[in-house]
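The data blocks that follow each hold one structure.
Paired with subunit B in one complex and with subunit C in the other, subunit A is shared by the two complexes that follow.
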Partner chain A sequence: MVAGTGVISAIGNSLPETLHAFQQKKSGIGAITQLETLHKNVLPVGEVKLSTEQLAKITKQPTITRTALLGIHAAREAIASAGISSLKKWRTGLISATTVGGMDRTEDFFQPFLQNPSQGRLRDVVHHACGSTTELIAEAIGVNGFLSTINTACSSSVNSIMLASRLIRQGLLDVVVAGGTDALTKFTLNGFNSLMILDKEPCRPFDATRNGLNLGEGAGFLVLVSETVAAREKIEAICHVSGFANTNDAYHQTASSPEGRGSFAAMQQSLEVSGLSTDDIDYINLHGTGTVNNDQSEGTAINRLFSDKKPKLSSTKSFTGHTLGACGGIEAVFSVMAIRHGCVFPNLRFQQPMPELGIVPQVEFESGLKIRNVMSNSFGFGGNCSSIIFSQIQR
Partner chain B sequence: MITHYCIIRDQNIVLDGKVIFSEKNSDLDAFLLNAYASLKVDYPKFYKMDNLSKLGFLAAEMLLKDRSLLNDYAPEQVALVLSNAHSSTDTDRRYTLSSRTAPSPALFVYTLPNIVAGEICIRHKIKGENAFFVAPAFDPALMADYTDMVMAGDTGASIGGWVDVLGGHYDVFLYLHEKNKAGLAEHTTGQLKELYNTTLWNS
Partner chain C sequence: MTIYIKGMGNISPQRTWGSDDLLSSPLSYAGDKLSCVEPDYASFIDAKQIRRMSRVIKMGIASAAMAMKEASVPMPDGIITATGYGCLEDTGVFLSKMVGNREEALNPTPFIQSTHNTIGSQIALLLQCQAYNQTYTHNAFSFENALLDAMLQLSEAPRRSLLAGGIDEITGQSHEIQSRFGIFRKQSNNSLQLFSERSGTFHGEGSAFFVLSGTPGENDIASVNALTSVYKPSYAELTEAVRNFLSQAGVTLTDVDLVLSGKSGDALSDGHINRVCGDLFTTTPVGAFKHLCGEYPVASAFGCWLAARMLKAQRVPEIVTPQYEGQQLKNILLINQYFGTHYSLILLKAC
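So, the complex of A and B:
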């Protein structure tokens, strides 16, 4: 069961700020202000509107890596909103996804080191490893049981929530804080730029004229609890993770197969696990990166699975940018928000459907809806495709 | 048991101890292209691969000549355990050079060592466990122990070994290990060491 959620991204540092941005259709994508890079006035990004120093101050941490600070911020909000008296009472785990780990600080180290191998502060590289980010978050939130770090590129944090659900289902843990965090770095910006899939304009997911993605940053965490914990802690959870699947496209290092065989299998199998049919899904939070390849592939798979009875769907990456290892966590928080508030989020800057698919996403913020089941997709490099379903708990 | 093994060294491709293809006096790039042409298979993606993937691809083609593993095993029952010393440094260097002018997406997507594993899996429709170890030298004990662990469950076959390249230096030793089949040698540290060390070390 989902007991709590926490999020920080380009559109807000908390749940209320995030919801407000959706209601106002206020995108977080803009010019680079925090990251030192050659692409500063060229590539738009979805930055969290706080400097690393400000984040450290708010989270009462030393200026460790930006990735860890974002994670600590969102994980704490998730725990606070869950209302569990003490995490220590339960077998509590933390599963955190990240693709860059502490690389933001390693990049600070690297420039002086390149000039002179005796230069560069070694303190900047001690948290380079992805697992170190998880350990820093664990320490900050007081979890010292099961810790795991997942990096399967852009599907990472859906996979961490999936693993968390399975550990609870199997009775191995009582409470799991699960999600992911990623900060913007030169490495990812240059890497995606090398692949020629960054749009110089704000991205237009699922639009016929889409021309690439914008990178973003942030963190999103859920607190998942067993039924026993929910009962004993008197938590009125509003939804639970009802289905999930992780499949592989086995097609290309970075591209998805045009027919979306991996994404089709992930969506279909997550429906199977949940016991739901396509008619039961009220909203799909798309992976929707805005690249020519992803949207065509994902759209093809959706058309094949849902045919002409498609639910409302949208890509919130038009607000946050693509937050890589964090996107599954952030979008899981959005999915829970959709169920809690009976709302769906707009897909910004959409004008005309892809001619070969004809899919028209939701373009306005809409509330007062009955949202029972939400499917959220996250597809990563290496063909790693994940789909997860959140379902309202009937009372 | 080890049912086949392939070694690519010193411009020779050797399968089960027998030289299958040999071409002296050409550089590695030309050798790889000619070796591919000699296979007479239609897999145009080969031309896009980096040299690490080309070497792994060619060795795997040799092991699985005239045979599809899927006749005997489910895709999930075939594992892949690879190792090398230089990771993807050969391609990383080429990419670094290219990025001084225009970074090449075609090179960038090969700047990880396990891409060769993906290429082999896609080609042969393998979906089992896989791992890629970077070690200073071929480590027969690691290979034997790890593969045995992977194969303790339902896995029936594994492709394992060493695929290394850096500039003009390359060294490939790939083998097919099948749990319930008679073969050339037992899958043990000693046998792997012997097979790896006995062929063509004159380069």
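So, the complex of A and C:
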């Protein structure tokens, strides 16, 4: 069961700020202000509106890697919102996902290091590994039980939540803080730029004229608990993870198959696990990066699976940018928000459907809805495809 | 949950592939690092593709192929990869070019191949395997996370065959940077003598893949019966963890026929683990393996391979421990540690 959620992204540093941005249709995508890069006035991004020093200050941490600070901030909000008296009472784990880990600091190290291998401050690389990001978060939130870190590129943090669900279902853990975090780095910005899939304008997911993605950053975590914990801690969870699946497209290292075979299988299998049919899904939070290839592939798979009875769907990456390893966690928080508040989020800047698919996403913030089941998609490089379903708990 | 090892492939600094010999003439290295004995990749990968692949990807693909061949499983029902540092060579190339070229005119190929999941996804791509695909990268818990994931899935669907492995590579840059932390022993001319001194360890690398299933069969190599990981324990907490672990697995201290210790040669890092071996396992032989493969985040994958091979062969090579006197080998407890912070326990049984 989902007991708590926490999020930080370009559209807000907390759950209330995030919901407010959705209601106001206020995108977080804009010019680069934090990162020192050649692409500063060229490529728009979804930056968290805090410097690393400010993040360190509000999280009461030394200026460790930005990735860890974002994670600490969101994980703490998730734990606070869960209302568990003490994590120490339970078998608690932390499963985090990240693709860059401490890369933001490794980049600083590399400049002097390349000039002279004896140069560069070692404290800039000591937290390079993805797992070290998770350990920094674990130490800040006081979890030292089970620790795990996942990096399946952009599908990473859905896989964290999937592992957490399995561990709880099989009775190995009572409480799991699960999600992911990624900071903007020059490494990923230049990487995606070299692939020529970054839009120089704010992205237009699922639009016929879409021309690439905008990178974003942030963190999103859930606190998942067993039924026993929910009962003993008197937690009135509003939803649970009812289905999940992880598949591989096995088509190309970076491109998705045109028919979206991996994404189709992930969505279909997650429905099977949940025991739900396509009619039961009230909202799909799309992967929807805004690249020509992803949206065509994902859209084709959705058309095939849902045919002419598609639920409301939108890509919130039009607000946050693509937060890579964090997007599954951030969008899981949004999915829970949709169930809690009975709302769906707009897909900004959508004007015309892809002609070959005809899919029209949700374009307005809409509330007062009955949202029982939400499907969230996250797909990544290497053909990694994951889908997860959150379902309202019937009382 | 008991899972059964159906096949293994291990590319390591020792001759661990291509013959049935089990470390009868171990290789010794001079210097502070141990590099893998690599196969001719042309027999595993198309020549055109080899050129574009970094060493870590090639080692992963080849060791995975060896494991599947031994298991006679041509298509696994899932691929679970563990790597502490991921694809360091491609990461280093892209990072160096980015800094050197001041973010201009960059070739995307090393970036594409830099993500940690490249190894698992390249295996999937070659096999056309559209099943479950996962990559763990939690320092020295990465391989343990992968094995646990396999256990979780095989308890849901025991008939499946999963391919799970641990892999890390040494690159010039990674060795240079890690050396600056002062963790590697300098001026050694014989890596097999790792435990004759008390300061520093050797840098290692390797790729060990396993085909695992939840149902026993005639040709099983060994079974993995339990595993756990412990982060930064005190000595008392580690002792407690070992006792609880064995009791939950239904095994007494004396049921353990051999302890395979992940001691690294550095007295500071090895403090807890040496004490546990001495205090709890007073009559049990204790073997070691990091003088054979060096220290790296997924060295426990090498340890797991070694334990399974010893259980199958019912023999403990002299180089692992001279203490073992040839009684029946039923239970091996692999206790790993990584720089004194990450500890794991894996219980393997003979089949």
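We take it that the second predicted complex is superposed on the first by the 395 of 395 C-alpha atoms of A that agree within 3 Å, B and C clash if a C-alpha of one lies under 4 Å from a C-alpha of the other, contacts with A are read in each partner's own complex, and residues count from 1 in each chain.
Here, contacts are C-beta pairs under 8 Å (C-beta built on N, C-alpha and C of every residue); 3 or more make two chains touch, one makes a residue touch a chain.
Computed from a predicted model, the values in this text were never measured in an experiment.
Trainee: Superposed on subunit A, are subunit B and subunit C clashing or fitting side by side?
Mentor: clash
Trainee: Between subunit B (first) and subunit C (second), which does A:T254 come into contact with in this model arrangement: first, second, both, or neither?
Mentor: Once the two structures are laid over each other on A, A:T254 reaches both partners.
Trainee: Could you let me know whether more residues of subunit A are touched by subunit B or by subunit C?
Mentor: Of subunit B and subunit C, C contacts more residues of subunit A.
Trainee: Quick one: classify A:A129 as touching subunit B (first), subunit C (second), both or neither.
Mentor: In the superposition, A:A129 contacts subunit C only.
Trainee: Have a look at where A:A31 lands relative to subunit B and subunit C in the superposition and call it first, second, both or neither.
Mentor: So A:A31 meets neither subunit B nor subunit C here.
Trainee: For A:I150 in the superposed arrangement: first (subunit B), second (subunit C), both or neither?
Mentor: second
Trainee: If we overlay the two complexes on their shared chain A, which of subunit B and subunit C does A:G380 touch? Say first, second, both or neither.
Mentor: After superposing on A, A:G380 lies in contact with subunit C but is clear of subunit B.
Trainee: Which of the two partners, first being subunit B and second being subunit C, lies in contact with A:A80: first, second, both, or neither?
Mentor: neither
Trainee: Considering only touches as defined above, state whether A:V42 meets subunit B (first), subunit C (second), both or neither.
Mentor: Touch status of A:V42: no partner.
Trainee: For subunit C, which of the listed stretches 41-49, 149-157, 257-265 or 311-319 runs into subunit B?
Mentor: 41-49
Trainee: Go through subunit A and flag every residue that touches subunit B in one model and subunit C in the other.
Mentor: Dual-contact residues (subunit A): 190-191, 193-195, 248, 250-254, 382.
Trainee: Inside the complex, what are the residues of subunit A that reach subunit C?
Mentor: Within the complex, subunit A touches subunit C at residues 37-39, 99, 106-107, 110-111, 113-114, 117-118, 122, 125-126, 129-132, 134-135, 138, 144, 146-153, 159, 163, 166-167, 170, 172, 186-187, 190-191, 193-195, 246-254, 261-262, 265, 380-384.
Trainee: Okay, in this complex, where on subunit B does subunit A touch?
Mentor: 99, 103-105, 108-110, 112, 115, 118, 121-122, 125, 127
Trainee: Under the touch definition given earlier, write down the residues of subunit A that touch subunit B in their complex.
Mentor: My answer: residues 190-191, 193-196, 248, 250-254, 382.
Trainee: If you look only at subunit C, which of its residues touch subunit A in the complex?
Mentor: For this pair, the touching residues of subunit C are 79, 84-86, 94-96, 98-100, 102-104, 106-108, 111-118, 120-122, 124-125, 127-139, 141-142, 145, 149, 152-153, 155-156, 176-177, 180-181, 229, 231-232, 297.
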